[in-house]
Each structure stands twice: as structure tokens, then as C-alpha cells.
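Both complexes shown next keep subunit A, but they swap its partner, so subunit B is in the first and subunit C is in the second.
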Partner chain A sequence: MIDFSSPKHRSKFGYLLLAPAVILMALIIIYPILLSVDISLQDVRIARIGGDHAPWTTKNYEWLFHSEEFWNAISVTARMVLIVGGISLIIGLATALLVNQNFKGRALARLFVALPWAVPEVVATVIWAWMLDSSFGVINWMLLKTGLVSQAVQFGSNATAAFMAVCFVMIWKGYPLVSIMLLAGLQSIPAEQYQAAKVDGANVWQRFIYVTLPNLAPVIGVTSVMTTLWVFRDFSIIYVLTQGGPIGATTTLSMLTFEQAFAFFRMGQGAAVGVVTMIICAIISRALVGRFAKSVH
Partner chain B sequence: MTKRSPLAGIALYTTVIGVCVILLFPIYWMFLTALSPRTQLRVYPPNFLPRDPQWTVFSDLLASQPFGLWMWNTILIAVATMILSLTVGVLAAYALSRHRLRGGQALGLFILTSKMLPATLLVIPLFAIFKSVGLVGSLWSVVIAQATLIVPFATWMLKGYFDTIPPELEQAALVDGCSPLGALIRVVLPVASPGLAATALYAFVISWSDFLYARTFLTTSESQWTLNVGIATLKGEFVTDWNTIMAASLMAAVPIIGVYLFLERYLVGGLSAGSEK
Partner chain C sequence: MRHLFKTAAAAAVALSTSLAALPAFAETLTFVSWMKGEPGYGDWWNEVIQKFEASHPDVKVEMTKVSRNEYADTMFTMFAGGTPPDIVHLAAFEYQAFANEGWLADLGPFIEKSGMDLKGWAGQSTCEWKGKTNCIMLLYTAYILAYNEKLLKDAGIASVPTDWNGLIAAAKAATRDTDGDGVTDVYGLGVDSSGGSNMMHDMLHFVLDAGGNWTEDGKPAFNSPGVIEGLARFKQIYKDGLTPKDAKAGDMRQLLIEGRIAMRLDGPWIWNVMKGADPAIRDNLKLAESPLNPPVGGTSNVIGMPSDISDEKKALVWDFIQVAASKEMQQRFATLGSSPAPMPGLDYTAEIKADPNFALFAKANDKASAAGVDRLPKGLELQFNEVTKIVFREVQRMLIDDLSPQEAGANMQAAVEKIAG
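Let's look at the complex of A and B:
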């Protein structure tokens, strides 16, 4: 028995504590990633492991870059990231500024504002699916009542409407987290900076531009990366609401990966889409994090 | 704090209440629809207040679907995921917080990687692995797969908490003859309990919300489904029974909403602290 309390063995104890995490991560993240790359380089219909290894081929990647579906998925994902990320950031910041004010019932308001975050994605999506129902949904009733549309919107079959519906659900579900994080960021800004700005005669708007925004930049950066990756990753909302349809209008890269692998059983092609998605995500987060990190220093 | 003019006060409260009403309307609508009699679901204009609530919808649901079983599966998975990721996470976080180890940086990279991965990519190799070891269809497959999301985040969050606890605390225990592991369990963990609670709840919420892994690994038999898989299937099959689906959704959402309302402070604090770094 090794005595871990002796200084000689202290670091051994550290490694021992770390071991379960490292082994687990290696088994369920690193190995699967390598396996994915391997599968993406084979022409396989059903994922095999231990069975005979098909010869390596770049067929799946060639298919990828020549298929319209892939480029469509890129465009859908990019538009979704911009719309969901942009709107979440704007209303998230507005909400954070709102509940950062000093007023009675502020704790309750904060509790409510973040609540949609706790609703499971599938549940959130099912609720919205019912509200967006083309014949009896409350949203269509409101749209018709206010005269914004003259005919009930067919969220299931109209490509633009389906896309907007998915974005809407994502914003409702995802933006509370953005506002939670921005609120935490706001609270860490030293009050002296505001007082100094006030003494210098800065008005509310100037204080926002010159004090709040620069201080929030790192949090905004992290939050943008998180939201972007979340839209890239999301599966439940799209799958439950539209299944990627109509005619690919809501097929993001994630949906395409799943569809190829588990609907058409083209594991190789699915894995290829996934690997490309992972590379895009890596580049985006690297670029965004680097940029915001620089703006801090 | 400068005094606000009454007009500004009214404007502030109106905005806050307006924002809350718009945000929470879908949750209210779920309650309302669940309790509405079927005949009331297709009226124009819709009823915005409960009229003749039907509590039998819950017993109907339990009678017509293996709903209790789905809930049980969901609870089992969530609890197992919570225990697994918390155990592994506590040990790793403590090691990273107290020992300068080579490889600490690599773990940071792991965390970034797992946040970046499209879950739909991981699901393909995990499916292949689980298939070869006979785990497809077992609840364990989902528990293990969810650890990909939760362990890295739990480790990160807990490391933040451990960093705030002075190391002298367990050093004193060591001097008194406590073993290093004993010092962690008896001295550090009680002090870190708010952090532990936040991390445990985070794990629970994420696990409870999972759809992708359960949908892919548990397709073999209906009795293995989780709430989310069941609800998604209900939506596909019975498009007309919106009150039944909303009742199911309500039962899936209420435990999590309850957890959230009770422990919002820890949860939100832990989340924002964990992700700011």
C-alpha cells in the first residue's frame, strides 16, 4: 500500500484522481472521434466494429462536396446560426440590462426570465408545435386577429415559415442562458467605472457604449460561441418540429448527419458530414474566442 | 441608488411584466391545453382561461401509454448519470485544483472538444461501440453517452468551486491523521456542497432533457423509452390529442421546473460561473 499522504507520492495521488475522468473521456470521446473519421473513410452501410474493415476510400467526402443536400445544409445552418445567435444576443442583453435594474421583485423576475432554459427541449418543441398548429394553433389565431396575415400560415409545409418556426423555438429555449450569462457579466463590472464615467459627464448611452460593452466583450464572445455551437449541435428541436423538412428547409448539418446515418443507414456518409461539421465548429470557436480574447487585452 | 421618477417606475414594471408574460406564455398554454376538455381545443377564439378543467387526462394517459415506465426509465438514467458524472467529476476537479499535473491542459482541451462536437457525430461511433458490446437497448448506453456532455462540464464547474476553498483546510485534516481521500470526502466536500448541488442539478437537468441518445439507442422496445422519446412519438402518432400530449409534457417538465424553482440561485450561479472562465 502506497502512503499517498507522503510528499513523494502526492502527485501520484493526483493522477489517480484524474484517471477515471481521463479513461472515460478517452473511451467515450476521443476513441469515438477517431472511429468516426475511420467510418467516414469507408463505404459502409451499417457501422461495423471488429468486423472486416472496408478499404479506405474518399468516396463519402467526394459525395459530400458534390451533393446539393450538403451545401443546402451549410446554408441552412449558417442562416440559423446568424438569426438565432443574433436575436438571442440582442434580446438577451436587453433582458439582462432590464433585470439588472434595482427594483422590487427583481429576484422573481430573474427566476421567470430564465425558466424556459429548464424546460426540456422536446417538451418546449411540442408546446410550440401545438401553438403553431395551422388550423387551431394560438399563434395563427393571433396573427389572423391582428391582421398580420390574411390566411393561416402552414408552418408544416411552407419552407420559410418552417424555418422561422424552428428559429423561434430555438430562441425561446436558448436565449435565457444568454441572458443569465450576460447578467453575470454585468454584475462583475465595477461600479466605480460607471461613477467615473458619470463624473466625466457621460450620458446613459455613452456609459453603455464605453463602459458596459467593452467590459462585456469577453462574456459576449463566450456566449456567441456557445450559442453557435448549440445551433450546430441541436437535434431535438428540429427533429421533433419539422424532421428537417419541408424539402430540406430546416435540414442543418446535424440533421443531415443523423438522416444519412440512421434513416438511410449510410453510416460512412453520415460520419463524413459529422467530421466536416466538427472541423467547421473548431474553426469558428477558435476564431471567435481568439478575437474576443484579444479585445480584452 | 438614485430615486426613479414614478413614470420611469411604471415603465420599468410594465416592461418587466410584459417580458415575463410573453416568455412564460408557452408554459401557461401547456397547462391550459392539458386540462382543457377535448371539445374545447378547437374553438375559435381560443380560451385563454381554464374552463371546466379535466383532471382525468392524467389517468387516461397512464392507462393508454406505458407512461409510468417511461418516467421510471428517465429517472433511473438521470440518477445514474448524475452519480457517475459527479463521482468522476469530483475526483478530476479536485486533482486539477490541488495538484499541478501535466495533462491538466489536455483536460481543458477535452472540455472544449466535447462542447464543439456535434452530438449527431458522436452518436454514430457510440452506436457501433454499444452494438458490439451488446449495450444497445440498455439504459446504460444512454447513461454512458450522456457522460460525454456532463463529465467535462461538471469537472470544470467543480474545479472552480474547489479553487475557492483554502487548501489549509484539508492540510489540517491530513496532519490530524486523515487519509488524502478521507480529507477530500470529510472536509472538502461538505464545504463545497453548494457547488456539488449545482453540478448535480445541472447533470440531472441535462440528462432529463436528452432526446438524441435515448432516441437512437433505446429503439428496441417501447418499455425502454424515456419520457422525451415517448412524447416525441405521441406527437407523431396522435396529432389530434393535444391535451394528452400536453399532459405528458407537463409531467415531463414539472420535475425539472420544480428543481429549477427551488434551486435557481445555485443553478444559475454555478452555470454562469462555470461558463465565464
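Let's look at the complex of A and C:
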């Protein structure tokens, strides 16, 4: 019988308590990852769990790195991450600063800022799809009526318009989370720091640069990681609005994974795209979190 | 305490008695379908199940609905996870991938043993995969023209078009800005340009009428004169703004019943959609033969069984298939589904009397079937989804970069040959 209260075995007791959680994590997180890696190393159209195992091969990865579609998806995803992440951060920060002020109707303003986040993604996207419809959409009607365009914008068949439409809806859907997180960060900054800066003669802009931003850096870091990962894995907005088109202009890595695995039933290739996406996400997350954490300390 | 014990004992006896009163089924057959609850075809499945269960009192068929959008994904997940439904219901364009994996049983020995006669059964050849019969065809349909008589008359079109020239002229005349705000609000023709299989089917009208097809003798023929002419026609309709752009087939049907589209080539199911129109518009909505020849037609859905269920279950599933394929149920299929059944030689007098459009559907079916038309390109069944993606991509390239139909056809041919191997 082990005496867990003795200093010698105390750590064992800790491991014992952690064991169920670790085992559960291994089952629900690590096993599917290993399964994906396993499928990505098989030349199969459809993988069957418990069925005959095809021999391991690097064929899917060879296809991946020689495929124009993959490099196009990398480029589209990178541009989307930069645009959606960047603009969401700017709008999120601006709205957070705004609703952090004391003014009449602040509670209502906070509600409106958070509203797009509360609407289910597919519902919101379907509404946007109708609004952006090339022939009968209200956006085109307004653009034509105000004379901003002379011809209806073809959001479905113009590569730039489709890309911007997807980015716009993603920003609309994503900035509230950034705003909420940054608002929480703003509220945690001690008022004394602003008072001290004021005494030292710092103006509003200097207080923002030297007090607000450094204090917000860890929150911005975490929020950037979350937004980046969200853009990487988001599927429904792109699928409903453009299905990855036109001519691959909105085909991100998540769209390519779905297309290969479930539209073309090339699960080996789909798993290979998924595994590479996971590695890219892990590297970005590590780099972003590390960088912002370092900036604080 | 004593009272509590008595109550508990009484409850236990009552529960066991009620459980014993429930019918005990020796076997349950699982059946997944997107048609459950659909008026027409859903009702027909209910009758098939009732008839089967009446002759097999100890067997229950458990039918579950999965929506069409996620149907293929769900079925693949079920098969891949080793838990396929006992009765397999699939679309005719997706069963090949299942058959190719060896997941569907060969029905040949069952057909032979039971003496089922499939001679002349519409679309049954599509169920042959690598020399085996993997399914029984349940539906073959051909397309017809749905039109808004008032919109055509307002545009000065007195009679329904009967050929391509008539169709394009009517589409041009009917495309109008009726309220003078500079925005087109009535379109002459509804053609899907949003990608996917419906867009392929909509384009196939023009290709077939021009004498072409996606494949010839099982080989890709996207650079053939017929396909190039079909692409040219599609480009003309799109570029001239005769159709709402980037809209799906479902959107087109909705626009038709809202009086925003004058004409649409579609399957007989559009009749049910038209019934839902506002009465003022519904009276103007009519059906006619497709002006394009031959009309698009094709196999629709199939029934089969998994290869790895027990022999006892296979025997039961075969009994179920036989009920569905019986003359009585095929006749009911025509009645309830308002479309001709695949079984040849049925008497449709009552159906035609009840629904005047039935004769039109039957005639279209005969015409498409006689011309050997199938919307699924022969030889490219396994790669169909990839082919639709390629066609969509190259059509978009043709429209955006203003490529000639010849260039678009050549690009399609090269890309399809690459994936077809």
C-alpha cells in the first residue's frame, strides 16, 4: 500500500489525479490526430476504420506539394488571415475603446457591438448571401442607386469581389469577439497608470501608446491567435457564400480539405491537407503567443 | 415503508406487463433516406414499408431521415465506420463510389434466384458496376419546360418555343426592366451558374441539343463540337444577362414562382414547386415539352444492400427490394410520385386522368430514354464531383477572362483527362 501523504509519494498522487483527464485528452484529441496522420499516409479514396490498412506512402504529400491548388489555398488563407485578422483587430480595438468610455446608452452600445457574434454563423451567412446576390441583392441595389457602380457587382463570379465579400462577412462576424476580449483587457488596466501618465504630461495618444497597448499586449496576442485559427478553420462562411470560387479565389486550406475528403472522396489527400494545416496552425500559435508574452515581460 | 414497497412492486409489475404487451420484433432493418416525409415519394416509401412489414410480422423497418445536402457524407461516414444501414438508398450519381469500395452486395444471384425480370427497366444499366448488379433503379426522369405564360405574352411571345432559336428569342424578349429603375427584374430563362451537378445538368440541355455529350464511348469529349456549341450557348445566355447570375437551381425555382423568371428547364418535381406559387402567379405557370432535343433525362436514385451484413439480413433486404420493385408498388410509385415508374409496361390511364401533366412527363421520359440520355457522364461516374468542379472552374474562367468556348472546352478536356487517368 502506497502512502500518498508521505513526501516521497506525494507527486505520484498528483499524477494519479491527473490520469483520467490525460487519458480522456489522449482519446478525444490525440487519437483523431494520429488517425488523420495515418490516413494521410495511405493512398486511399475512402478510409474505413477497422478495415484493411493500405501500405504507408508519401504519395499524398507529393501530390500536395506539387499541386497548384494547395499553393493557391496557402496564398488565399494567408491573405485572408492578414486582412480579416488585421481589420478585425483594428475595429475590435476601436469599438472596445469606445464602449469602455462612460456615456449614456453604453450598455446598449455594448449589446450592438456584440450582436454579430451572437447570431449563428450559418444563419448570418445565408442572410449575407441573399444581400450579396448578384441579381436581386440589396447591396447591389444600393450601390447602383447611389451611383457608386454602373453595373451590378458579380460577387459570385468576380474573383476580387468574392474574396472581399468573404473577408467582409468574416470581419463582421469576427470583430465582436476581439472587441469583447479587448474590453476585458482594458478594464483590467489600473487607473493609477493613466493618472501617473497624466501627471507626467502624457497626452491621449501617448497614454494609448505607452500605457494601453503594452497592457493589452497579452490579450492582443491571445486574440490574434484565436482570430488566426478561426480564419484557418472557418468553413461555413466560405462554403455558403462562394463554395471556394470563383476559380479558387476563396479556396482556403479548410475548403480544400473538405473538397478533397468529402466532395471528391480522396480522403488520403484530404487528410494530408489537414495535417499540414494543423502543423502551420501550431507554428503560428506558438510564434504569436511567444512573441506577445515576451513583449510583456 | 411498507406502502412504499407495495407501490414499487406494483410499478414493477405494471412496467413488465406493459413491456410484454409491446410487439417483440425478431429483427430490425435500418433504412436511411432523404425522402422520408416528402409528399409523394415519402408516402410511397411508407406504403412499401407497411406492405413489407405485413408480410414479415416479426421484422420492423426503422426509417431515418437525413437531408439530401449531407446525405452522401453521412452515408460514407456510416459505411466507413462499419455501421451501414441495412437497406441502402442512394442517388444514382453517388452509388458508384460505394460499389467501387466493395461495400454494396452483388444483387445478381438474388435476381437470378427470384426470377425478377428487369428487361426494359428504365436506367437499370446504370446499376451495373464492374460486371456486377449493385442496385435496382428506382427512378428515371426527363426534363420539361416550365414557363410563365403571362410573362411570355407580355413580351410578345405568342407560342411556347419549340427549338433553340425560339428559346433564345423568347428569353431575350422576356428579359425586362419592368419598373424602369434601370435594374432588370424579370429574366427570360433560369439557368444555374453556381456550380455543382445542377449547373452541369442545365448546361447539358444545350450540349445535347447541339448533338454532343460530356463523354463519348465512356471517354471525355469536352472538346467535341457539340460541347463547344453548348458552352457558346451558355456563355451567350450569361453574358447577355438573360438569366440571374450565380444563382442556384433552387433559387431559380423560387424566382419562377415569384414571377421573376419566364422559363426554366427542369425535372417533373418543378410541378410540386409551382403548386406553392401565389394564386395570381400560379394560374400563369404552365408546363410544356422541352424545346431542346433530346431532353435531358437521367437516373435518379437506387436501392441496394451492404455487402457485409449477415445472409439472414440480406434475405430480408432482398424481400424488401422485391416489394419495392413489385408491379403493384411500381404502379403506386407512379400514382404517388406523379412520375412514370422505371418498370416497363404499366398502365398509366388513371394517372393521366388524375394529372394531365403525367402524359407530358411520360412522353419526355420516353424521348430521353430512347435517346439513351443520362445526366451522369458515362465513364466518369467516380470522378463526377471533380468533373463538375472542373466544368464550373473553366466556365467561370471563360466568363471572367472572356475565353472562347473552344479554349474553355480544351481546358476542360485536359483537366478531366488528367483526373480520369
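The definition used in the following text is that the second predicted complex is superposed on the first by the 272 of 297 C-alpha atoms of A that agree within 3 Å, B and C clash if a C-alpha of one lies under 4 Å from a C-alpha of the other, contacts with A are read in each partner's own complex, and residues count from 1 in each chain.
The rule is simple: a residue touches a chain if its C-beta (ideal position, glycine included) is under 8 Å from a C-beta of that chain, and two chains touch if they have at least 3 such contacts.
Nothing here was measured: the structure is a model prediction, and the numbers come from that model.
J.: In the superposition on subunit A, see if there is space for subunit B and subunit C together, and answer fit or clash.
T.: Superposition result for subunit B and subunit C: clash.
J.: Regarding the shared-chain residue A:I247, is it in contact with subunit B (first), subunit C (second), both, or neither?
T.: After superposing on A, A:I247 lies in contact with subunit C but is clear of subunit B.
J.: Is A:A263 contacted by the first partner subunit B, the second partner subunit C, both or neither?
T.: The second partner, subunit C, only.
J.: Just to be sure I read the superposition right, which of the two partners does A:F155 touch: subunit B = first, subunit C = second, or both, or neither?
T.: It touches subunit C, and subunit B stays clear.
J.: Per the overlay, which chain contacts more subunit A residues, subunit B or subunit C?
T.: B
J.: For A:F136, decide between first (touching subunit B), second (touching subunit C), both and neither.
T.: Both partners, subunit B and subunit C.
J.: With the two structures laid over each other on chain A, which partner does A:V22 touch: subunit B (first), subunit C (second), both, or neither?
T.: first
J.: Quick check for you: in the superposed arrangement, does A:R45 touch first (subunit B), second (subunit C), both or neither?
T.: second
J.: Do subunit B and subunit C land on any of the same subunit A residues, and which?
T.: After superposing on chain A, subunit A residues 47-50, 133, 135-136, 141, 262 contact both subunit B and subunit C.
J.: Going by the contact rule at the top, pick out the subunit A residues touching subunit C in the complex.
T.: Residues 45-51, 133-136, 141, 144, 152, 154-159, 243, 245-248, 259, 262-265.
J.: Would you pull the subunit B residues touching subunit A in the complex into a rising list?
T.: 1, 9, 12-13, 15-16, 19-20, 23-24, 26-27, 29-30, 33, 41-42, 44-46, 87-89, 91-92, 94-96, 98-99, 101, 103, 107, 110, 112-129, 131-132, 144-145, 147-148, 151-152, 155, 174, 179-181, 205, 208-209, 211-212, 215-216, 227-228, 231-232, 235, 242, 245-246, 249, 252-253, 256-257, 259-261, 264, 268, 271-273, 275-276
J.: Once bound in the complex, which stretches of subunit C touch subunit A?
T.: Its residues touching subunit A are 72-73, 76, 79-82, 97, 100-101, 182-184, 187, 193-196, 244-247, 255, 260, 383, 385-386, 389, 392-393, 396-397, 399-400.
J.: Which bits of subunit A are touching subunit B when the two form their complex?
T.: Residues of subunit A touching subunit B: 4-5, 10-11, 13-15, 17-18, 20-22, 24-25, 28-33, 35-36, 39, 47-50, 95, 98-99, 101-103, 105, 109-124, 126-131, 133, 135-136, 138, 141, 145, 172, 176-177, 180-181, 183-185, 188, 219, 222, 226, 229, 232-233, 235-236, 239-240, 253-255, 257-258, 261-262, 267, 270-271, 274-275, 277-278, 281-282, 285.
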